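So, here come the structures, one by one.
Note that chain A is present in both complexes that follow, paired respectively with chain B and with chain C.
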Partner chain A sequence: MSRLKRIFQQISRYPSAMLGLAVIALLLGIAIYTMVTIPYSEAIRLWRGGEAVWGEYPRTAKPVWTDWLTRDRLPRSIVLDSRTSPAVEKTAQGDPEASHRQTLTFTFDYPYEGFPQELVIFMEGSYAERRPHASLTWITPDGREIRMGEMAVRSAETYRPGQDSRLQRRLRGDSAEIGLFRDPEAETRTAIKGTYQMVLDVDLFEPEADVEAKLVVHGQVHGLAGTDHRRRDLTVALLWGTPVALAFGLLAALGSTLTTMIIAATGVWMGGWVDSVIQRVTEVNMILPFLPILIMIGTLYTRSIWVILSVVILLSIFGSAIKTYRAIFIQVRESPYIEAARAYGASNGRIIFKYMIPRIIPMIIPGLVVSIPTFVFLEASLAILGLGDPVLPTWGKLIDDARSNGALFQGYYYWMLQPFFMLMLTGLGFATLGFALDRIFNPRLRGL
Partner chain B sequence: MSDSTVVQEQSIDTQDAGRSNGAMLQIRDLRVWFELRRFGFGRAGSVRAVDGVTFDLAHGEAIAIVGESGCGKSTLMKTILGLYQPTDGEVAYEGSAVGKLGSLGLKQYRSKIGYVQQDPFGALPPFMSVRAILEEPLAINNVPARERGERIEKAMVEVKLTPVEDFLGKFPHMLSGGQQQRVVIARAMILQPGLIVADEPVSMLDASVRVEILKLLRALQASHDLAVIYITHDLSTVRYFSERIFVMYAGKLVEKAPVLSLLRNPEHPYTHALLAASVDPDARNASSLREVPPGEPPSLVRPPSGCRFHPRCPHRIEGLCAEEEPPEFESRPGHQTACWLYR
Partner chain C sequence: MADVPMTSEAVSPPRERGRTSSSTFVRVFRYTAVRLLALVLSVVFGVYLTILVANMGGAVDDIRRGQIREGVAMMLSMDPELRQLSRAERDALSAEFIAIAEARFGLDQPFIIRSFRFLQNALTLDLGRAEHLTSDSGSREVRQIILERLPPTLVLFATANLFLFFFSVSMALFLSRRYGTFLDRMIIALSPASSAPSWFYGLFLILFFAAMWGVLPYGGMVSAPPPAQTSAYLLDLARHMILPVSAMVLSGIFASTYSWRTFFLIYSSEDYVEMAKAKGLGARDIERHYILRPTLPTIITSFALMLISMWTGAIILETVFNWPGLGRLFFSAINLYDTPVIVGETVVYAYLLALTVFMLDFVYVLVDPRVKIGGGRGSA
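Our next item is the complex of A and B:
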């Protein structure tokens, strides 16, 4: 315990190490926060759920913080649902026992100069035989009334004004997202700020018939991290990428280092055929192509991140590190204290685990810490090669999605840069800590 | 026990204790050869590190084995500790041959022998505290956990590492060389062995600490009736506690004698040379050159025929020393020399 304290005291002398520790603590914090607030099943639902989950989100919307870089606030999404929102007024006229008329009025403030990305109206009709008939009217803040469209409402009806060519003609060629908000007096295209209304008049022909509706005005920005081409909130992927990346990096680094060390120590201590077998297996394994094997497993067997992780560990167990550790262990084996341990009857296992391995642990800790991000990057590389886990959202998957959807080409920089930033932060944190640990541990080991 | 003490006392001046039945350790014609390999499998001969060593050690007896570097004394010691397997001959402890013990028997045998090494810092695992170091032999030999603290404390008091609490939590690099060697001795003593093997225990220590450590070993030997095998190349420290001295040369014991007899009347020409070469702080000798035997220690792969010392021997008998190996001659009681001069 006092040793740990001493090491920590020495670490605190290196500002870069403190930075590294802070970054790692932040990443761990994010990972724990994510696992607690968005449980695994919830994350999968949010990432894989389909239109039902992310239908209200805009497509490829920038993160909210891009506001800080522009003069005006960019439009946010507005969602008004007749079932839940108090901003929707529902009135009925006529005899409810016969055909009658329902009016749903959607009222909202629009304080932005930019235009929304898209307008969608979801309607749900309940009827026995005759479909209700709906007509939509748009009322701008300056009092103009624009007829939008009419339609029979089925049990699930979606109306997208942006795709209504008649409406576009009425708006003198502007598409609905622009035409319905544009100030007709202004020279440039600017939206009128103020209170807009959309009135949905529904004629119902049956006593029990009813229509509920939801107005979605998709904004230009969404959430902390924006959305992708399928309207998914990237925050979920960035947050969930953290525990996945940390777990992958830590497990791979620890798993491969510890097993490699144990195997190297066993080989050196037992000598003879055990050592020969280990050395030959290592030499064969070192010339096996690492990435093609992973690609083969990903293509032919499974892309589950945990299977890939196990294969990564398995392939790196008999890696070149065995040779390095062997060289150190051969020196350690000749130490007089090991001879003394044999003289008082220590068993082979005890000598390997209690006398040889603890001797080199301080030496390998810096390398272990530095190797964590390399495994995180490996996971990202695999994802970019299309071998990412098909279920879990990871940073590498985000980069892959962004790349395959031309994010940089189309100017969606946030989509690709955010996972890059997280990867670089991870690399930075572990690398600075590892380098400082190297400086702390190595002067002591010169005497080995 | 009392029988062996009597035998031991006799051995100092008159009788050879080894021939009696009370011997604790009997070594008979012990040979330890290391095979040399060529290209990994071809045989290229053997290094005959120990080649026909015979002696007995009684309970509570202290012997010293002296010889130059590379004469095989460390190999002999490690074979006694059970770290090397004898090629031929046998080591018997309390009448049972060590080579025939199973792994459990070997473990028990090892627990009866304490081992004090040359380099105290190297002999202590640098990542263990003094408490952990002293607990290891107890844990390995299944001493119940509740007894361990008491035994550690007792061992530390015996080697004068007091106050005990100050040392328990320390790591080897925090101790001085003398303190480190005391920890090593405490570790050797903690299983209450009957025999301590000390491999040049003071050669790496300051002159000021040497005498203290030797006195400590001597005191422990007396209070615990310990047998001690003290291995050294420094004759000046031998008289502090050993009763007999064995002189080793090229894998063989060339002279076995009680301390005073050997120091006053050395017989083997090699012993003469060793004594002549030992440090003498007398100022009058500072300018006089000492007579040291010419030549190099012989190759242990192809040792000289006949007496192994004959190529360097000033008293070589032509036609005999180079042809036939000398047996041991007992010129005086208890003083045996393997040299044709004493036939």
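Our next item is the complex of A and C:
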């Protein structure tokens, strides 16, 4: 315990190490928070659940914080559901036993600059024989009434004003997203701020018939991280990318370093054919192309991130690190305390695990910490090549999605920059700590 | 991250183990023979493993069989004359066609036998014909395909790697003389930035310089259509190289300068350097004879490994920048299960690596009088 305390005291003298530790702590915090609040199954549902999950989100909407960079307040999404929202007024006229009329009034405030991305009205009719008939009217803050469209309502009806060409003609060529909100007098297209109303008049022809409706005004910004081309909330992927990246990096770095160390120590201590076999395997492995083999595994066998992780560890075990450790162990082998252990009859296993390995642990910790981001980026690299895990949302997959869906060409920079930021934060956090530890643990570097 | 083999075993002089050498010639000959044998075995194993993986241990054959079957069925159904044949006749005909096609691809033999033939062909550098890929000139020869992709890779990676290498070594020498200065501390502080790979910086640079500001191209090697004049062509090529080269330099420069600097610093704190300083030798002389000289083996190793690493190109960087090099070739070969191309590229790399490792042993003897060939035990 006191040793740990001493190491920590040493670390605390290096501001860069403290910075790295703080970043890692932050990432760990995010990872734990994510796993507690969004369990694995819930994350998969949110990421792969289909339109039901993300239908109300706008498509490729910027994150809310982009507002802070400009003075404009970009439109948020507005969702009004006649079943749940108090902002929808439902009134009925006429005899409920025969044909009668229902009026649903959707009232909402629109205080934003710019126009919404899309308008969608979802209607659900319940009837036995004759479909209810709906007609929609739009009331702007300055009191103009715009007739939108009329239709028979089936059990599930979707009306997209933006695709209604007759409405577009009535709006003098503007699409509904602009025409319904713009000030017709103004030269430039500016949205009128204020309270809008959409009135849905439904003629019901049966006593039991009913219509419920939902108005969705898709904004230009959504959530903390924006949305992608399938309307999915990127926050989920950014949050869940954290535990995945940390687990992948830590497991790969720990697994490969520890195994390499044990194998190198065994080879050096046993000598003879054990040592030469290890050497030969290492040389064969250095010829094998690392990334291509991973790609082949991904293409030909499986894309599960955990299988890939095991292959990464397996291929890294017999890497160039084994030669480095070997060189250190050869020196350790000659130390007097090893000879002493031998003299009292310690077994091979005892010497390797109790005397040789503990000796070099301080020397390898910096390298281990520095190698973590390498593996984190490796996971992202595989995702860029389209070999990411098909189920889990990861940072690499976000970058890949953004790249393959033209985020760069269409200016959806947030889509790529956010996973970039997370990757860079992870990389810098571990690398900064590792470099500082290198100076702490390797006395030869301390003064340098 | 740049890999500076600081504790490379070959660099530290092997300790004599009390064995008096018989004669120098026999010792060198024996060492060379053993070393060559070990390297050849490694190459054979490595290439064979690659053949096994690239063929999925034979499972790719089933994919090929399926493709042949589908092709034959399509062919038969498209031919109006054959459609009039009876079902039995058609089945017989299709079986015959399939057998011919399978024999043509060698699929009539079991995979294990063919795998050894693949190995033999690969090792004799008889790279054979690709199954799906063709060179831009239309050739199916793997040799042609690889030779066509080699120049773009070499142009890009030679520029970046040579610059990176010489700049970081000379910068590190410069910094090791004045460590603790602002510049030195800045390099130390920036070195964690190298934890990100070059494609990462590549995408970053594309985002700013191509997408946001539109001053440089998104990718590719030349504009379409390529300029006719040689000077204009070269200028265009240089314009397309700015971003990928900067990406590689950005991702490599800090850590590589940092580790070379530390490496030189360790050597410049040796007693003989202090001694040379005390003798009043000039800074240049000390650098050349007392710091660079003993570190030469490491510098040469690093340089040689850097040179052969150009052969593989970089799969992701080339993909990100749409660069028509060997890395992208490899990637498309994997996606098309084009094993001859995969094996061809790997075997050439394996030979280059083995040759370099072999030559390095002799280079060490030339540049470091302390190293004796076959002098120590277990000098692998």
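Everything below uses one rule, namely that the second predicted complex is superposed on the first by the 443 of 448 C-alpha atoms of A that agree within 3 Å, B and C clash if a C-alpha of one lies under 4 Å from a C-alpha of the other, contacts with A are read in each partner's own complex, and residues count from 1 in each chain.
Here is the rule we go by: a contact is a pair of C-beta atoms (placed from the backbone, for glycine too) under 8 Å apart; a residue touches a chain by one contact, two chains touch by 3 or more.
Treat the numbers as computed from the prediction; the structure is a model and nothing was measured.
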item: Simultaneous placement of chain C and chain B on chain A, clash or fit; value: fit
item: Partner chain in contact with A:370 - chain B first, chain C second, else both or neither; value: second
item: First, second, both or neither for A:93, with chain B first and chain C second; value: neither
item: Contacts of A:404 with chain B and chain C, given as first, second, both or neither; value: neither
item: More chain A residues in contact - chain B or chain C; value: C
item: Chain B versus chain C as contact partner of A:381, first or second or both or neither; value: second
item: Partner chain in contact with A:328 - chain B first, chain C second, else both or neither; value: second
item: First (chain B), second (chain C), both or neither touched by A:286; value: second
item: Touched partner set for A:435, first chain B, second chain C, both or neither; value: second
item: Closest Cα approach, chain C to chain B, once both complexes are overlaid on chain A (Å); value: 5
item: Those residues of chain A which chain B touches in one complex and chain C touches in the other; value: none
item: Chain C to chain A touching residues, read off their complex; value: 1, 3, 5, 7-9, 12, 38-39, 41-43, 45-47, 49-50, 53-54, 56, 59-60, 179, 188-189, 191-197, 199-200, 203-204, 206-207, 210-212, 218, 258, 262, 265-266, 312, 315-316, 319-320, 330-331, 334-335, 337, 342, 345-346, 349-350, 353-354, 357, 378, 380
item: Partner chain C, residues of chain A touching it in the complex; value: 16, 20, 271, 275-276, 279-280, 283-289, 291-293, 295-297, 299-301, 320, 323-324, 326-328, 330, 370, 373-374, 377, 380-381, 384-385, 399, 403, 408-409, 411, 413, 416-417, 420, 423-424, 427-428, 430-432, 434-435, 444-445, 448
item: Chain B partner contacts - residues on chain A that touch it in the complex; value: 2, 335-337, 339-347, 350, 354-355, 358-359, 361-362
item: Chain A-facing residues of chain B, complex; value: 78, 81-83, 106-107, 110-111, 113, 115, 117-119, 122-127, 136-137, 140-141, 169, 184, 187, 191
